[in-house]
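Below are the structure tokens for one structure; questions will follow.
Going in written order, the chains are labelled A, B and C, and every chain counts its residues from 1.
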């Protein structure tokens, strides 16, 4: 079940990357690389920083195949994706919840401090998108408009609060990912965002 | 022989980086770093991702010296490099072929899946240039115009096809690098490129 | 003492990152990430490249707390920071000296060649700022105007020259960091910079 959600999230991230790249008029190789990087960039950065190498996607070619499919689907349906925007946002949000949990779990596996685990969860969920924006020469959208990363941090804090209460693992996972997904959907619906900080 | 080609490719990549940086009016330190990153960026990313650390160029200062020479030559001949463009493109192409093979070989050494090995070969050959463009705040040229990475992928597929037929190692290396170099030279001569994918 | 200087440098780097991010009108999360990356980016890149994982700041949450404080202070005093510019430049310069030494020392711990150690010192001191500029979609300032990295390299060469003369460790550290700090302050005061290299 969890693995299936991981696959759905990976594909949604790959498609979102492909769409951004196509709007920049990149060639097919460029579109594929941006799709790839958006999907696995966060987990790759996490693995490299904690020393879990070769990084995750190199040990399981499934991810490569999923991304290839996401890339192909994004190209085929590129003219219809505006109408599919809602489904895509839903899948993307599932990715957000699942990837945050995967990142936190990896931190726990490496016996890192809860604060660091939350940072790893946020990194796993958000830095694929950051890399996508940097490769497209844009200031990353999550630094400007979206309450995206903040939700991962809230989810992470909740995770460790529940864990301290000895909540069972299944419930812990379900509760944390659900709360991340629900807040994110509300944020999209009601256009929540953080006000920019200006220094003058 | 193979090592000599590696050196030639490294120097060509360093010079191409230095030229891009000078066209952006960077100061000498900036030019040097861009030369450095263009030459070793792909291999560094590969080594970090597979966990081969300290990364390659840290274990053999030869690369640093070669890059210093490439940097100095690029500065001295900077006004004449237009006329030397053809030789430079040839050396750069040798780098492309050799670096692809080195990346594939590292993947095999780490017992990774052929698909991942081809990704590592492409990364080794192409991501120095991607990093160069990002540091110069340009959308990477290989995502937009050049059939550069696609040739590495074709070369990689050929490599594993021949390998399955139990072709001898020397022939395998020679055939793969030659085919990459020949296709690349034809692509430059006849201005082959992939059409951009637009989604509207 | 050395650890205290490390903390001061980390906080100064975090504040410089926060100020750059606020001038780009990022939201609070974006400002925090840029502060974080400016403070630990150089050391993180160094650790990942030499294989010292999980990277430094993951093993000691002190850094995270220092950066959170730097972030908060930068927000509170953001309207007064122009008047505090001199103190901030001083702290930043302390960071430059200390981080260069930390990077060199890590290279020695890993038995790397002096040339590579100097590269690691320069990377530790300078690449946080490079990452900050890349995330803000600017050509890194140290590639264009500032004699910043060049001073780290000079300091590194001095370090190994003194070391060859069997200078005691304490004196070695004090002399190298002092010289880096003094040259940097002179460079800021007299606006020293390297002329750009143009190729046409």
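Please note the rule applied: a contact is a pair of C-beta atoms (placed from the backbone, for glycine too) under 8 Å apart; a residue touches a chain by one contact, two chains touch by 3 or more.
For each chain, UniProt lists the protein as follows: A, B, C = Putative membrane protein YeiH.
If you're wondering where the values come from, they're calculated on a predicted model, not measured in any experiment.
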Which word fits how the chains touch one another: line, ring, star, complete or other?
-> complete
Taking shared numbers over all numbers used, above half giving same and below half different, the subunit B and subunit C interface sides are different
Separation of the C-alpha centres, subunit B versus subunit C, in whole Å, is 30
By residue number and range, which residues of subunit C touch two or more other chains?
-> 48, 51, 134, 137
Residue positions on subunit A within touch of subunit B in the complex are 19, 21-31, 33-34, 44, 48, 51, 53-55, 58-59, 61, 64, 75, 78-79, 81, 134-137
Sort out for me which residues of subunit C touch subunit B in the complex.
-> 48-51, 110, 112-113, 115-116, 119, 130, 134, 137-140, 142-145, 147, 149-150, 193-200
